[in-house]
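Note that the chains take the letters A, B, C and D in the order they are written out, and that residue 1 is the start of every chain.
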Amino acid sequence: MKTLVVVISARASYSRIRSVVTELSTSMSVQIRIVLIASAAMKKYGRVQEFLNSQGIQVDWKIESQLDAENISSMAKTTGLAILGLSDYLLNTKPQGLLVIGDRHETIAASICGAYLGIKTFHIQGGERTGNIDDRVRFANTFLSDVHLVSNSSAKENLEDCGIDSHSIIVTGCPSLDFIDSALETDLPSEIISGVGKEIMEIIKDEYVIVIQHSETTSILTPKDQIQPTLRAIQELGIPAIWIWPNSDFGGEEIIREIRRMREAGFLKHVHFEKSFEPELFINLLSRASCIVGNSSVGIRECSYLGVPSVNIGTRQKDRKTAENVMNVEFDYDQILEGIRMIKSHKYERSTLYGDGKSAIRIRNFFESFL
Amino acid sequence: MKTLVVVISARASYSRIRSVVTELSTSMSVQIRIVLIASAAMKKYGRVQEFLNSQGIQVDWKIESQLDAENISSMAKTTGLAILGLSDYLLNTKPQGLLVIGDRHETIAASICGAYLGIKTFHIQGGERTGNIDDRVRFANTFLSDVHLVSNSSAKENLEDCGIDSHSIIVTGCPSLDFIDSALETDLPSEIISGVGKEIMEIIKDEYVIVIQHSETTSILTPKDQIQPTLRAIQELGIPAIWIWPNSDFGGEEIIREIRRMREAGFLKHVHFEKSFEPELFINLLSRASCIVGNSSVGIRECSYLGVPSVNIGTRQKDRKTAENVMNVEFDYDQILEGIRMIKSHKYERSTLYGDGKSAIRIRNFFESFL
Amino acid sequence: MKTLVVVISARASYSRIRSVVTELSTSMSVQIRIVLIASAAMKKYGRVQEFLNSQGIQVDWKIESQLDAENISSMAKTTGLAILGLSDYLLNTKPQGLLVIGDRHETIAASICGAYLGIKTFHIQGGERTGNIDDRVRFANTFLSDVHLVSNSSAKENLEDCGIDSHSIIVTGCPSLDFIDSALETDLPSEIISGVGKEIMEIIKDEYVIVIQHSETTSILTPKDQIQPTLRAIQELGIPAIWIWPNSDFGGEEIIREIRRMREAGFLKHVHFEKSFEPELFINLLSRASCIVGNSSVGIRECSYLGVPSVNIGTRQKDRKTAENVMNVEFDYDQILEGIRMIKSHKYERSTLYGDGKSAIRIRNFFESFL
Amino acid sequence: MKTLVVVISARASYSRIRSVVTELSTSMSVQIRIVLIASAAMKKYGRVQEFLNSQGIQVDWKIESQLDAENISSMAKTTGLAILGLSDYLLNTKPQGLLVIGDRHETIAASICGAYLGIKTFHIQGGERTGNIDDRVRFANTFLSDVHLVSNSSAKENLEDCGIDSHSIIVTGCPSLDFIDSALETDLPSEIISGVGKEIMEIIKDEYVIVIQHSETTSILTPKDQIQPTLRAIQELGIPAIWIWPNSDFGGEEIIREIRRMREAGFLKHVHFEKSFEPELFINLLSRASCIVGNSSVGIRECSYLGVPSVNIGTRQKDRKTAENVMNVEFDYDQILEGIRMIKSHKYERSTLYGDGKSAIRIRNFFESFL
C-alpha cells in the first residue's frame, strides 16, 4: 500500500480537492494521509477537520503554523513554521508521495519539503495563468514539483513552454468542478436569512444577476474608479442582484466604502449583499442567475461548466483561458451595461475547458497506477 | 539613499556576487546591507564574514540557520529557519530591495520573504538551464522575484518562454566572470603544496589537462560506469593532469572509490589530485590548461571566457548554452579520448556568452537608476 | 556605554516596567534597547510601540511571534518563535545585559536566551509567591537569571530559601507602583461613558466598592459556587459598586454567565460593570473606593500602597505577603458580607510592602553602577 | 492504557533513563512513547535510535532540532526548534504524561511544552544541587513540572525549601545507578586497545587510580593552575593511572594542553589516557580502582554506590550531598597527594545515598498507579 500525503492549508484549498480526497479514501492501493497546516489546522477558519470527519475521513496530523496576522510578514513566518513542521512529519512517516494544491502562499511549504526531502511531489492546478499575483506561487510550486495534474491542454502548453517535461504533465481536469453536478441536485433551502438589503428569497423569484468584483491591485485606476462603473450600471439596469463583498486584497476596503456610500445614498434597493455562501448553495444560486458580473475566477471556471453568461471586467483574469460564456469589458459604464444586456439570460453549452466533473476519478486512477 | 539587502547563503554564492558587492559598496545612491544565512553565517564554512571584512565590507546581520546536516530534511529546516529570521529582519529594516543569488536550496528563503513581504526582489543568474536538479530552485526563485538580472540573451529568452515580462529581464552578464581578468594578473605562487599524487609544480611545467567530473544523479549508468571511461582515457592519454575530486552529490562517494581503486592499482601516476583551489589560483591553472575534461559548469562558463577547450561528458550540462570551446561527448572511452586529442591546445576566441567581465558595473548602474 | 536589552512581551508587562524604561532612557551610562515580542509586537494588543513612541522612546527590534491562539499549544509555539528571534538579535547586537519582566509564559524565551547566550540576565518581580499557576514561569525565570530585582524582603527570603545567592538579590520595590503618585494627581474626567449598568458618575458621588473576582482555577468549588456568595453579598449590601469582569482564565466564562443571570433577573441595579479602565483612571477610582472585594492582586499590591481596605476571597493569593489593609475570607456569604462591613471606609496607612514609588530610580542607580 | 511520552535529548540522558525505559516497556497499563530531540535524534551523536532498537524498543517520533553548533546561540535555537516540534507532537498525540530528564539545556523544551500544553509533567533528577551552571536548567525544569522523581531525601528537602509541595515529590533513587549491578557481572574484555599511553591491560593488573578533572568554569584560578597540582601529584605518586580527558566546558582546551605539555616533557609514563569508555566497561574499571581523583560527579554518585574512595578537588561539586567515600580537597598539591594516600584502597560500604539500584521498578510502580 503506497501512502500519499495531502497537505491542506485552507478551507478554500480543501474545497478544490474535496472530490479527490473522497475518491482516494476508498482506494485499495493508495492510502491518503491528510495533513492540515496554516489556517486549515484551526477550527475558526472553516472547521476543515470537523468537515473531513463528518465525511468519514480522519486527519493524520495538524501543524499549528498560523501566525496572528497583523503584519504582512506573517505570511512568510506561517510558511516558515509550516516547513519546520512538515519536514519532521515527512521524515518520520516517509510517504511515497506528496500532493500540493494550487497557489496560496503557504502551499510552497509543502512543495519545498517534498523537493528537499526527495519525496515525489504532485502539484494540482499548475500551468494556469491569471495575470495576477497568484501566478508567482503557482509557478514556483510547479518547478519544485515532479508531476503536474492540470486542468486543460492550455495549462499543459504553458508548462511545456516553461521547459517542463511533457511526460510529467497529466491533463485531468480541475477537481474543483467535480461537485457541481451533485450540488445542482440539492434543493434550495426554504429560507435564506443572512446578509443585508433586499430579501434573497424575493430576488431569486425572478431573473437576477450576481456581482463579484475584487480590487484589481495592479490597475492604474483607484479602487473607487474601478467599482463606480459597475455600481452605476447595476443601478441603471434595475434588475434584482446578489452582490458578494470583495475579498481582503489591497483596495477591497475602498471598494466596500464606495458600495456603502451608494447604498446609504438610497440607491441599490434591488440588491442583496452577502459575505459568502456555503458552496452548494452558491453553485445553485449561480446556476439560476441570468449572468455574473465582475472579475472573479468563478465567472470563468465554474460558469464555463454551468453555461452561465459572464461579464468579465478589467484585466484581473486577463491571461486565463475562457470559454464562450465570457465577454470581456473594460472599467467602463457603457461597456458593462451593454455587456450585461447583450448576454444575460443567454444559456451557453456546457464547456469542459476546466474539467468535465470527473477529474477525481481520473486522478485516483493515475495515483493507483503510478505512485 | 536606497537600501539593497544582499542575502548570501554560502561561500560559493559569495564568490559569484563578490564583484557586485565590491562595486556597490562605493555607490553614493545605493547602500548595500549584507545578510548572512545558512552556512555563510558560520566561520567554519568558508569564513565569509572574515573575507568580507578583509575587503572593508561589514556584515549587517547574521541569521543562524544551519542545521547539523545528517538527514536530508536538514535542507528544508535550514530553509525554514532562514525564512523566520529573514522575515523579522526585513520587517524591522524595511529595505527598498532584496538581492537573491542563484539556485542553492536555502536561497528560496530570501525570494519567499521578498515576495511575501512586498519588497522588490532581484534575482541574479536566473533563466539558465542545466538539465539537472538545480533548475528547480532557480526557476522557483525566478517566479518569486520581480526583476531578473541574467547572464545572456538565451537566459532571457528562456524566461520569456516562461511568461516572464520582458521588461523585468535585464541582460547584465554573469558577475562570477568579473574577477577572471584580475585573477589572470596575479602571479602563480612559487610553491603549491597540497593534494596528493604528482607534484603540481611539475605538472604545470608542460602541457596538462584538468579533470572535474561530478556524479550525474539522473543517469541510468552507475557512478562507476560514468567515471570508468574517463579514468581509462586519462590513463591512456598519459599527459599530466590535475584532477579535482567530485562534489558531495549522491554518487560522488562511489566515484571517489573508483578513482582510489585505480590509483592504488598503480595507475594515474601522472595525475595530481586536489580537493579545491583558491579561486584566483584555480583561474590561473585553468587558463594555462590545454583542456578541461568532465561535466563541471566551469568548462562551459569560465572556459568560454578563457577560450580553453572543454570536453563535456554526459548530460549534466545538457541544456546549457555553450560557446565554441565545448565539445559534447558521451560516457564513452573512445569519444572522450578522441575528443581530448582533437581539441586540446586549441586556443579559442574569448566568448562573452556568459559575461564580458563588466557585469558588476552594469548591475551597479542598474540599481543606481532603478531601485 | 553599556547596553541593556529590555524584552517586553505584552501591554501589561510594559505597564509594570514603564517607570524603569522612562528613567533609564535619560541615563548617560546605560543605553536601553527595547525589543518587543509576542503580543507586544502587535498593534492590536495594546499599541505598545505607539505608546512608547509617544513617550519619546524608540523600539529597537520587533520579533513577530504571536500565533493565532486557538489551541493551548499556541503558548508554547509563540515562546519557541520568540527564542529563535531573540537568539539572532542577541547574537548580532551583543548587549551587556538583558532585562526579563515577571511571569508571563513567553517571558521564559528571554531568560532562556540570556542564560544560553551568556548574557547577564536581570529578572524583575521574582521571589513573590501567589499560590497559582504563574509561580511556575516566575521561578523558572529566576533560576535562568543572574540577578534578581525584587519587591520586598519577603521575596528576597523566598529566593534565598531556594538557594539563590543573597548577593544576587536586590530589593528595589516593584516599579509597577511607581506611577501611582502621578496618577493620583490627574483629574477625573468630567464624563465616563463606557460599560453597562448604573452610571459610573452617579456611583462615585458617594461611598462605593470595587469588585474584581477571577476564577480560582485550582479550587474544588465550581466557578458558579465561587461567585455566588459574592454576588449575594453585594446585592444584600446595596451600596453602589463598580464590577470589573473576570479575566480569561478557565472558569471565567462561567462566572460571567452567573453575573449576567443575576442581572437579567433584575438584581444588581446599583452596580456598574466594566471590562477595564485606563491605568490612571483605574488608580483614581481605586483610591476613592471604600473597599475592594474579590481576589485580584490589585487588592494586595496597589491597595497596600493606597491604604484602601481589601476583602480578599479564597486562596488565589494565598501565598502572597499582605499589608494591614487585607482581610482574608472564604467563599462564604456571611464572611464576605461581614468582612466588607467591618473594614470598608477604614483608611489604612500607606504600606511600602510592595514598593515606595521610587523603584525606578533605585533600579537605574543599580544598572548605572553594576551593568 | 495511559501514554507516557519520554523525551530524550542526548545519549547521556538516555543512559540515565535506560533502566526506566526497559522497565516500562513491559508495563500492561502504561505505554511509553519515545521522542528523540536535539543530538539524540542524530545517528552520529551516539546512535540512540539504533541502541533503543537493539533493545526491542521503538522510537515513536524524531524532531530534527540540532543546529550546527559553532556559536553559543545554537543552544537557544536548538531549544526553540525542539519546542516547535514537541508542541505539534503533543497536540497531535495527546499523551497523559510527559517525562523530562535531568538538566541539559534543551530539556527545558520538554518541560515548557508539558507545562504550557497542560500535560502532566514528571521530572527526574530534580532537587540536586551541584553549585555549577547545570543547576539553572535543573531547577527551571522543576518549577515547570508537576511531579518530581528524586534521588534522595536531601533532594526532596531542597525542593521543599523552594516551596514545592511535598506531595508532588517522590523519592525513587536515581535510575542511572540501576545498571551498575548488571555491569559488574559482565566480564572485562581480554583486550582493550584504545587511547594512548601505558597499556590499559598492564595498568589494571595492579593497584591503580582513575583521574577525571574538568575545568571549573567559575574558579578564579586559571584552568592551568587548576590542573597543575593534580598532574604533579599523580606524577609524584607514581602508581598506574587511567586519565579520562576533560569535557568541552570552557577551559577544557587549556587543561588538555597542559596535560600534553607534561606528557611530551617525558612525565606521566605510568598513565593511560582515554576519551571515554563504554558504560559497562567504565563501571567495571571504576569498581576495581583504588581511588578516583578529580571533580566528576562519578566520584560522588556512582562511587558512593560502589564504595570506591574519591578525592574531590575544588568546588565544582560543592553543593552535592556526599557519602563517606568522598574526601574534599582544594587545588593544592599537598592536599591532593595526601588525600590520595590516605583513602586509596580503602573499601567503603555501599551507600544508597543516590539510589539502591532498584529505582526503575519504583518508578514503574509509581506510573502504573498514578498516571
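Going forward, contacts are C-beta pairs under 8 Å (C-beta built on N, C-alpha and C of every residue); 3 or more make two chains touch, one makes a residue touch a chain.
Here the structure is a predicted model, which is why all the values come from computation and not from measurement.
For subunit A, the chain whose average C-alpha position is most distant is D. Across B-C and B-D, it is B-D that has more C-beta pairs touching. For this pair, subunit C with subunit D, the centres built from the Cα atoms lie 41 Å apart.
Rounded to a whole number, the gap between the C-alpha centres of subunit B and subunit C is 57 angstrom.
Distance between chain centres (mean CA atoms), subunit B to subunit D: 47 Å.
Among the residues of subunit D, those in touch with two or more other chains are 64, 71, 73, 77, 81, 84, 87-88, 91. The touching residues of subunit B, when paired with subunit C in their complex, are 61-64, 81, 84-85, 87-88, 91-92. For subunit B in complex with subunit D, the residues that touch the partner chain are 39, 42-44, 64, 66-71, 73-74, 77, 81.
Looking at the complex, you find that subunit A touches subunit B at residues 71-73, 75-77, 79-81, 83-84, 86-88, 90-91, 105, 108-109, 112-113, 115-118, 129, 135-137, 139-141, 143-144, 158, 161-163, 319.
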